[in-house]
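Next come two complexes built around chain A: one with chain B, the other with chain C.
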Partner chain A sequence: MTNTQIPPARSQSAPRPPAALVRPSARERGTRLLATVFLAPTIVGIVVFTVVPIVGSVVLSLFHWNVIDSPRFAGAANYGEVFGDSTVLVSFRNTLLFMVLAVALQLLVALVLAITVNGRMPLWLRSVFRSAFFFPLVLSAASISVVMKYLFNQDFGLVNWLLGLVGIAPVPWLTSENGAMAAVILVYVWQQFGFSFLLFVGGLNNIPKEVHEAAALDGATGLRKHLHVTLPLLSPTLLVASVVGIINALQVFEQPYVLTNGGPGDSTRTVVMVIYETAFEQLRFGTASAVGVLLFVLIMAVTALQFRLSRRFVHYQ
Partner chain B sequence: MSHTTLTTGRVRHSLAPWARIAGLAVCALLTLGPVIWTVSTSLRTPAESFDLPPQIVPSEPTVEAYRGVFAQIDVWLLALNSTLVTALIAVGQMITAGLAGYAFARLEFRFKKPLFALVLATMMVPLQVTIVPVFLVLKSMGLTDTLLGLIIPAFPTAFGTFLMRQYFLGMPKDLGEAAMLDGAGPWRVFRSVYAPLAAPGLAIVGVLAFNYHWNEFFRPLILETSGQNYTLPLGLVSLQGNLGTGSVSVVLAGVVLSMIPAVAVFVVGQRPLREGITSAGVNR
Partner chain C sequence: MTDSHTRRSLLRYGAYGAAAAALAGTAASWDRLTAADIPGRDDGSLVVATLGPAYGPAAVRTLTEGFAEQYPDIKLRINAVQAVDWSDFFAKILTQIAAGTAPDLVYVATEGVQLFAQRLGLPLDRWVRRDADELREYFADVHPSLVESMMYEGSLYQLPVEFNAADMYLNRQVLRRAGADRPPADWTRDDFTALLRRMKKSSDSHFTPYFWTNRLWGGVVPWLFANGTNLLAESKAPGGDWLWDTFYPADQRQGRGGGFRWTTPQATGARFEETYEYLASLIEEGLCTRPEGGNGQNLVGVFSTGRVGVTPAGGFWAGGLHQAGMPADRYDVQYFPRWRTQRHQFGGAGYALLRTSKRQEEAWEFIKYAARKDTLTRLFTTNQTTPARRSMLTADRYRETGPDHWRVFYDTLDRFPDTGPIPAPPQVAEVEQVLLKHTGTALSSPRAVRPALRRLQGDLEKAMERDA
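For the complex of A and B:
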């Protein structure tokens, strides 16, 4: 928009040319300079510590390298190895299954709790609940998994004892394939839902009061109000929460590593566990890089799909 | 101050308030249960570790397990290293993400779209994919087995930048336009109009950075080879590894100790978070 009005002068020492003539280009130059300064730390850091290493990963994936001997060119051999390796293939299946179940559960729990916490209650109680729900976020995934391993123990764990109180027979959490996957998902969601919850609470508070009042005047209450008023207004937050949730879930490592070490069999072995084992236990850096590149492609594909879908469902105010 | 007005009068909730609160209380108990169990078990004797039902308040509390942790690892050095690394990363990320997020949300410049696509793309890159090349880059800089090697690569944060961009985008555009009509330049619009509103978003970035890096395990494991550069999680894992006795309470005591600073920051960080959350949005 053009600005013909001369602003109230702050310094009157020098006569200024008419604002409409000079302002736009000066402002543009100022904006570009500011943008350069603001972006420099992030962009330089990302190029040095992420872009260069990504290219490095792709290059490494084309070589046989055990760090000790000098690298030998391998062409696509590492990729062939990966696709012929049932453990790697199973790890991709496990990771996708984990991602779908864990993210769905995480978003659902966080959304229901955020909306419920935002209902009428004493302020102190609301802040107690808020604090409780995102508290697990401050704990270390590795050490809390050590704790959870005790709690999910089939014979003397607290979880099965509690289930026993309501008449459920002991579940072989860490020793059966489905039980292990369920335990990994539960421990992961227990720790992660607070992050989505935090985002949702922030998003809900960003919805102007007037919107709720207007909805109330139109007779929208309870579930209907949330479906037709709250959710669309919350959709930018939902997008952030689901994008980050999926990216994090595809990288799950500590929980299965500590709880089950990928077992029983390969039933909870995830892609990142395979990368870790291949690179740092077997010293096959080329193969590990190839798995990493494939994981990277998968994450890119899933996220691109999400942004495409979000164009239809996300409403910015 | 937010929703008290709308819950009076004609608006009814589908659930009775007491039912909602009871449900939330059960959920809160499930959420905190494992932590309560950890603290109380760390104060019990090993023989009572697995008593069912667990004694929430130990009948004979003992700090024996805590003596065990201090005897087996240098807790103070580990805590100092963790504090340095975590605090510097958190502050650095708030600065870089706040500035870059604002630029992407509210400034016009060339190559904006490809640069933002670059940031988004790197957000999707698992650390584990790039750890070998990152290690080589740090080695060429002489930063392996130093705390700086952990700190510097963590300054740029693609996720923080994305979060701050969304945050600034959620702020009304006419605030800045009004300031521009009053003659404010781009820096002043940022400094006086949007930056003060960004505190809640920055608090989220800072708290998340603190949590992530305080608890970080993978990078320190690979980068730090000498014990004097270990951070707490590494030290705790070595404690677990060294535990021939298999004392549950010593492990849990270590877990509790490593939680204390994180919990302290969480409590202090609650205030800016809550203030931010309630004052964010349009306060005209």
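For the complex of A and C:
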């Protein structure tokens, strides 16, 4: 009954002053101060290491700067240069292609392995697989790429040697346009799928057993059960994994840099590689910043699109 | 009450505004905060930046201890910067300069001589003139081509301490297998091709006769030199007489100038195209690796195990092969083969003094110290490079590491007087980048050569138009 009481008449006749003008109590002020103290390191960290560099990049993209001389204001000239540079445009195309193929493969491999490992299996073996699949993620991408470069070498690599044992001619993994992109994607996916795998394992564990039991009673088995029951219930996890995967893939650098140095030609040159080369090899920091700003916009747009599409495809229980 | 709150709010926001304005004013009027402002950064030492992988802890200790004995009053700090190649090294040095922690001296290879000279370096002319008597012994021991490669627009910017010309390393085991002898000094491109074919014929499918790398030094450039062309049109700057007249006899100073100039790209020239077509044909015939496939990291392994027969390298590789355990009698070296010419390419290195240095006199003392024979002897104990001083190349030095014909390393400069440095204008980073990129595409097949070289020409022109 008390919950349904009409507010006192005072509130109607004398409206309360705006909250901003109400002096907080000493206890409230103490709580606010404490919250500010606890939040301060994070806020300072975000401002110094995220906001300032982003704003700095945008500002720098409007200047010509070669580190040695003072920056010169250039207006939108750097952006004009970027749009007229075929290498930059090719790098955006490569990065988008890489993103689509690598993220799709990464999610597929992670999902299949997560479902397999989550199936009937001794607990110790499940732990072994979980660790093994996650392990590449903690290794340095550069170190892995150096080793992979040996393995994929056309003339002396282990991969072609093994293929040769079964009569397959040497594959130009790193020296042909398609082979190089395939090798970069394989190495990247091998290292990165562990993260999605762990997310999927967690997501699968959160699906109530009853749902699967009910589906089984209705006659759903095998692939059908996973397509119509597991996947819809796993869609929130799938969204997180794909968002993180896409953001990471759009920023890929180490694997193509070490494995192919962007070649042959520009076939594996990515946007972040172009940023690095333009800034640190050619000393054109303004142009590099302009490319960085465009990449930032692209990532924001793709992520926004994903969240918009997620309203249709993601099912929260 | 409301008025009081409004007044209080007004005062508070006013105070915030005043504080922000004061902060902005202070920041605007203050000199830029740099890494040099970090307490303890500037301890008064003479700072020398070297390429980390080439200067291990032992080398740093040798340099530091030896210098301390000679100059106890000068505090020295060697900053061994880790980098994968010279381009990466220069980028890191430039980042240090941007951060306000510029070293006094930087170890600079041919790739960066003109970049540093044009934008950052200080000519050594006045010190060289002043200490001419002391330096006579040094110049008498160093080939003038090496000195000339360290000059820019008439001034000397570095004293070369090491160099490497691209000669041909030959695997003796593979030569024996093919029933071939070490080729003569004046062997030709056709002799070279025939040797590769013999090697291929006598080996299994896991063998590739010729291994090379796609880079500025030792990649396609030696072949361009041998075919009488270059990546960029080459000429010599006027000047430099003050140095040649002071230190070199008439026969050695003939044709010398004030350093090299590399200008117009020549990628669409007939000889340029011919060179690429030749290399593409070698790849197509299975006589050599694709350029992207080859890299120095696995070269030692495949060469020492007989899976490669021939590869271009400098004196530095004698030390590398020895360290990898390859006995001295298992390999040998010969000059690069003749095509239209037998001009060789080389790259050298020395210390560049930066304009921003506040310890220029001390830095000059270090440059002289680093070029002394006793210093270089202590430093280059493992034959990890070819010393710039001719007198250091002795039978004793190469007894353990080999090769038998070690004289080739320095004689390259004497026997082929037109031998010169790799083309490295101030825009070298971009020039190298587009060269590597289009070389990979051009050599995908003989048909791909012409279109790829047209793109190379276009990109080189754009790179050369840009201000370094």
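Brief remarks on what is shown
Assume the second predicted complex is superposed on the first by the 270 of 317 C-alpha atoms of A that agree within 3 Å, B and C clash if a C-alpha of one lies under 4 Å from a C-alpha of the other, contacts with A are read in each partner's own complex, and residues count from 1 in each chain.
Note that in this section contacts are C-beta pairs under 8 Å (C-beta built on N, C-alpha and C of every residue); 3 or more make two chains touch, one makes a residue touch a chain.
Quantities reported herein were computed from a predicted structural model and do not represent experimental measurements.
In the superposition on chain A, A:F133 makes contact with chain B only, while chain C stays out of contact range. Of the two partner chains, chain B is the only one touched by A:I54; chain C is not. Contacts of A:E81 after superposition on the shared chain: neither chain B nor chain C is touched.
Of the two partner chains placed around the shared chain by superposition, chain C is the only one that A:N261 touches, whereas chain B remains out of contact.
With both structures placed on the common chain, the touch criterion links A:I68 to chain C but leaves chain B unconnected.
When the shared chain is aligned, chain C comes close enough to touch A:S176, but chain B does not.
Once chain A of one complex is fitted onto chain A of the other, the partner contacts of A:Q154 are limited to chain C, with no touch recorded for chain B.
Shared-chain residue A:E277: touches chain C; no touch with chain B. Partner contacting the larger number of chain A residues, of chain B and chain C: B. Comparing which residues of chain A touch chain B with which touch chain C, the overlap comprises 146, 150, 156, 161, 280. On the side of chain A, the complex with chain C involves touching residues 17, 20-21, 23, 66-68, 146, 149-150, 153-156, 161, 164, 172, 174-176, 260-266, 277, 280-284.
Per the touch definition, chain C reaches chain A in the complex via residues 1-2, 5-6, 9, 87, 91, 94-95, 97-98, 119-120, 205-206, 208, 289-290, 292-293, 295, 297-298, 301-302, 307, 429-430, 433, 436-438, 440-441, 444, 452, 466-468. Listing the residues of chain B that touch chain A in their complex gives 2-7, 9-15, 17, 20-21, 23-24, 27-28, 31-35, 37-38, 50, 52-54, 95-97, 99-100, 102-103, 107-110, 112, 115, 118-134, 136-137, 152-153, 155-159, 161-163, 166, 169-170, 177, 180-183, 185-187, 190, 200, 204, 208, 211, 214-215, 217-218, 222, 233, 236-237, 240, 248, 251-252, 254-255, 258-259, 262-263, 265-266, 270, 273-274, 276-278, 280-282.
Put simply, chain A touches chain B in their complex at residues 1, 3, 5, 7-8, 10, 27-28, 30-32, 34-39, 41-46, 48-57, 60, 113, 116-121, 125, 127-133, 135-144, 146-148, 150-151, 156, 158, 161, 190, 194-195, 198-199, 201-202, 205-209, 212-213, 216, 221-223, 236, 240, 244, 247, 250-251, 253-254, 272, 275-276, 279-280, 285, 288-289, 292-293, 295-296, 299-300, 303, 316-317.
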